[in-house]
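Across the two complexes that follow, chain A remains constant while its partner is chain B and subsequently chain C.
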Partner chain A sequence: MIKQQFEIPAGYKKWTLGFLAVGILALVLGFFVLGIGKDEHAQTRFWAVLLQNSLFFLMICNSAMFFICATTLAMGSWITTFRRVPEAISSLVPILGILALIVFACIIFGDKYHIYPWLDKNAVATDRVLNYKKGFLNPVFFLVWTIFTLCTWSFVGWKMRQLSRETDERPLSENQARQFTWKNTIWGSVYIVFFALTVGSSIPWLWLMSIDAHWFSTMYSWYTFGSTFVSGIALMGLFVIYLKNQGYLEYTNDEHLHDIGKFIFAFSIFWTYLWFAQFMLIWYANIPEETIYFKARLQGSYRGIFWLNLIVNFVAPILILMTRGSKRNYTIMTFMCVLILLGHWLDFFQMVMPGTVGEHYNLGWYEWGILALFIGLVMHFVGKSLTKSPMVPKYHPFLKESIMHHT
Partner chain B sequence: MSLIKYESFVREPLVDGEKNYHVVTEEIVHTIEAKPTRLWYIGFSIAVILLLLGIYAVYREVTYGITEWNLGRTVGWGWDITNFVWWVGIGHAGTLISAILLLFRQGWRTGVNRAAEAMTIFAVICAGQFPIWHMGRVWLAFFVMPYPNTRGPLWVNFNSPLLWDVFAISTYFTVSLLFWYTGLIPDLATIRDRARTKLRKMLYGIVSFGWSGSTKHWQRHESLALVLAGLSTPLVLSVHTIVSFDFATSVVPGWHTTIFPPYFVAGAIFSGFAMVQTLMVVTRRVMNLQDYITIGHIEAMNKVIVLTGSIVGCAYLTELFIAWYGANIYESDAFFKGRLTGPYSWAYWIMMTCNVAAPQLFWFKKLRRNIEFTFIMSIIVNIGMWFERFVIIVLSIFRDYLPSSWSMYYAASIYEVGFFMGSLGLFFTAYFLFSKYFPVIAIHEIKHVLKTSGESYKARMGKIESEDMEQFYHEIHEAEHH
Partner chain C sequence: MDIRKFVVGCYDDEEVLFPAVKKVRKAGYKIHDVYTPYAVHGLDKALGLRETRIHTAGFIYGMVGLTTALSFISWILAIDWPLNIGGKPHFALPAWIPIMFELTVLFSAIGMTLTFCYLCQLAPFVKKHHFHPRATDDLFVMVIECTTKTNVQEAQNFLTGTGAKEVNVQLAETGWWLGTYDKDRKIFEVGKEAISA
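Entry: the complex of A and B
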């Protein structure tokens, strides 16, 4: 029996509520204990963790839409049987976008210059470099470009999802199918171009690189893209496996899972490639204003996390996902998806924390609690979004190819 | 493999016309069996003349020394290293098409992979000439090989990216050659089996290594292709990555930037595809292969060109932005006074126009599918990519830290230009010989996609197309379990 319509299972609801409850508790407690305390260090911790999580989850959900658009432009048919999963994940972009915007607004209007040093008016007045950069690093430009970006991601993503719904009701004639492909290509291209202008360049500079406001690296944005894209695929893989286990996605089989595994494998190596290129070139040239970034991560209390990052995000996937069998195995793939997600969450942690809370970071109740909050949010909204459309776009022109897909 | 053959009608056929296996063989092999056309002789002669010119230019340089080139103390790398990087870049498309597109299961690669792989090998051979002859005392070239020796013992500098390049490129060349050659074996055996003269039978017999077409042979052949694809995929990335290290590991403003590795790789694929287009557009017309290298193939490659061109554009703009944002006066001067403006700004703007602006025209489907436009564009892209390397090399070093050693003008000598022309001659001589003696299209791979993607076969898929999903799914299950 093919289950066409997703209904949220009781167990799923229970876990979602559990994560949300823990998360909200951590947020409330954190707000009172850290957020409004006298201790500036605790305040910074409160906001830095929220920043790390909201940006990480926003960007991985957004990369689900990147995945859809990229495969659309490449005329990749294999994703059709499970494309409702990345669609559902991408529907979180407006929601997480608003959350990120709230965090930004609190940081900017609350003058949290331990997060973004360029918010400190005195520093901008006296510090030569910050002063020089104020044309780019200033609240107005930051907010305007961020809002514009979030709106465009949300709108084009919504458009792509709406287009996909056209294949649910009735068969498309040959002409309609060609038109459908054409429309998808147009909107997919709009998304990809805008993606290059935001995730591929300006957005990581503003949101993350400006935490270490003196420092710069041309690779930074592509590195951030690599990190969030591979995590986005892992999140998608996790939902596909879950839904398969629940008896949904009948047309999706080991072949599709195998290809998701290949993507995780390939883009883990891609991320490592960017990691290595950035690190090696800075290490080799040994210019003080550049090495300072890695000095904080390599020679202080972040040392463990710095190397763990590489082990989890490179050594593990290259060894574990190398063989054919492991990419077709539900247990191994579930483990790897979770590991990659945690690994890149940690990657974001080491991107955000050294420049904000500095040497005395925590990985305690608050950090894990906020992680739980965002896991709960993702589970809740993805689950809800999945119920809103049939699990399979029944009349999609590529569905038959996807059903008989061989990797 | 599923027994049911099906491909969505949305996709264009990869092989046009009413074809069966025999027709495919005939159409591809007949150019090898027939005498070359007049056009071939003319082209080949021009290529050989260019090659001779290059040999003379190199002879001058070896005999009279590097001063035959207009290099100086400030600009110590000029046309030679520009040409080296340009050719290495071009040598990326073949292996990308044969390896990465194989892993991505892109059926359209079958029409162009053979010629692209051959082109890769010739391009890498051309690239290798430049650093070798640039050594000056070329008879000591074997010094780059690290081995225990009686010269001191004198070891190479393992910390130098220039040495890594030696390894990267020779590895890449070896694997590409193996990949290309093993792919050729079944097709060479086809020519052998059709041979009418004893000599041809013998020669093609030797080079096809006794291929018999048994199941075991095919099985080994396919596993080897996968293994080599797995090996060459990281190699495609590594070669230009290491070429970029030649520059980026330094502290020269304009060279030292972290985005160099992926951006060099994207640029390499960009120029490589442009060169494939140049060759394919001509080859398909001269050899009458329009049914195999269809407009669809041309369009697919143009899509890769617009993609990689835009990635390169994104990197250029990132560099410019960070040159400002980095708040380093040397860095920003290198870009804003040494490139955007200044005595060499024309080179920078040629690069920007050809590499970033011009390919954007490929967003239009009509232009992507226009043969003449594609041909012109493919040349424009490679002019742009040549200038990119010239910009990176000369425009970063012509003003060094000491204003007294600024070199206000660097122009190539006639022997530098001659050397470059000679490399073009070498490349085209090799390509002409290849197109005469080897099948320019992978016959066995075309046969592999023929029954799912051939025009006449696709026309018969209407029945499956009209089936509803349940029925279709059921049939597939049946087919797979019996």
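Entry: the complex of A and C
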């Protein structure tokens, strides 16, 4: 018997609560041990880890909506049978957005200039580079643009989800179906254009690249996008596999899983391409103000993470997901999705940490605890969001095409 | 190159073709191939074709390309004629990765194309028999290969029964190279010798 309406299984609830409990414990303990201590290094660690996790999870949830909009514009019907999964994931954007905003507010109003050096007024006054960039890197612009971005992501995402809900109750006539597709196209393109202006360019500069405020790279935003998009697909893949195993998503089959696998494979290579394009040009040109970024990562204590990042996010997917059989195998796909999510979490770790806590980083109880907190949050809210609508948009104009999907 | 006899049935609808393929296979005829104007999704499964191994060949060609690029560049720049370029080490791997990548792609692309042509028995100046000129236009052409067991008249009637619009018998060469497909033929043979014209 295949179930239409998602009910959160007891095991899922137990795991969610477990992750949340561990996470909240780590957060509270971290706040008292690290956050309000005298040691500036510990304080920086406290905020940097929160920054890394909230941005990582916010951006991978946001990329689920990018996935929906991009396939909508390309008339990609194949996602229709499981589109409620990325929809549910994208519904986390406002929640994680508020969390990220709280972290930003604490960093900016708490003058945590170890995280964002451009917060230090003395440095901005005396440092030529920071002075040049102060029109862009200043608290007002940062907060205004961040709030505007989060609101637009949330609003357009909400609009796309509402449109999708229209196909639950009654069949659409041919004219209505045309209008429906047209409206989807309009809102999808609004989202894509705004996505290009934010994730495609300005947002990673502000949120992440400004940690190393002296340094710049034109590849950085795309590199961040590649990282979050491939993890977003992996997260979606995990939920699809889980729901399939629980007896939901009747029309989703190996063909759809195969295409999700192709996305993971392709965007792992895309990520590597951007990673390498950024690295190779800097390595080749050998200009001190550029190489400083990689000096900390390649020659310091981040060396292990730097290479592990490349192995987990490039070598593993390209070799393991190359064959057709492995992309259709539930076990291998589950393993790869978890591996890629962890790998890109580490990628974000090495984006944030060298510029904040520096050489003496930790990968200890606090880091893993906050990771557990965010996993718990994602599981809790995605599960809740999935229960709110039927698992399959029954009268979606593209549903039949999606059921017949064949790779 | 031996000449064999084929029974050819032409269909004008995909929805008729699929059940027809199923029926013909069930009746025990050997389908030589189905020629279609475009790639029909799922037809390979319906025909029971085994998965192609061309991607394995592609992987091997790619590895050959990668090895060629790496060994050639490193021999030139690190062993035979070391030059100081911008103070970089002689063995400057990151700078070579684009070239190694390009050669990997080039080798696997060209290798796979040539392998594909070889397997399909395509080459310049080789004339292939066309079972129906409209197979490239609007007809789905199913070709049954006759064996010693096949009753030609019965096969023709069977194809008409499955909805073929046009049925005929043709003689054709099997090709200039006998590939693995001939191994499958043995299942359908009674004697050892093939049917001659």
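Of note:
In this text, the second predicted complex is superposed on the first by the 407 of 407 C-alpha atoms of A that agree within 3 Å, B and C clash if a C-alpha of one lies under 4 Å from a C-alpha of the other, contacts with A are read in each partner's own complex, and residues count from 1 in each chain.
Keep this in mind: a contact is a pair of C-beta atoms (placed from the backbone, for glycine too) under 8 Å apart; a residue touches a chain by one contact, two chains touch by 3 or more.
Treat the numbers as computed from the prediction; the structure is a model and nothing was measured.
Once both complexes are superposed on chain A, the partners chain B and chain C clash. Between chain B and chain C, the partner in contact with more residues of chain A is B.
When both complexes are overlaid on chain A, the residue A:284 reaches chain B and chain C alike.
In the superposition on chain A, A:189 makes contact with chain B only, not with chain C. In the overlay built on the shared chain, the residue A:324 is in contact with chain C alone; chain B does not reach it.
Legend: residue contacts after superposition of the two complexes on their common chain; A:201 is shown touching chain B, with no touch to chain C.
By the document's definition of touching, of the two partners only chain B reaches A:177; chain C does not. Of the two partner chains placed around the shared chain by superposition, chain B and chain C are both touched by A:406.
Of the two partner chains, neither chain B nor chain C is touched by A:125.
Note on the superposed arrangement: chain C collides with the chain B stretch 207-215, while the other options among 81-89, 99-107 or 207-215 stay free of clashes. In the superposition on chain A, the residues of chain A contacted by chain B and by chain C overlap at 280, 284, 406.
On the side of chain A, the complex with chain C involves touching residues 276, 279-280, 283-284, 286, 322-324, 406.
Interface of chain B with chain A (complex): residues 1-2, 4, 6-11, 103, 105, 234, 237, 241, 245, 248-251, 256-262, 303, 310-311, 314-315, 317-319, 321-322, 325-328, 363, 464-465, 469, 472-473, 476. Residue ranges on chain A touching chain B, taken from their complex, read 73, 75, 77, 128-129, 132-133, 136, 174, 177-178, 181, 189, 193, 196, 200-201, 205, 214, 216-222, 251, 262, 269, 273-274, 277-278, 280-282, 284-285, 287, 289, 394, 397-401, 403-404, 406-407.
Remark: chain C residues 41-42, 51, 55, 59, 86-88, 94-95, 97-98 touch chain A in the complex.
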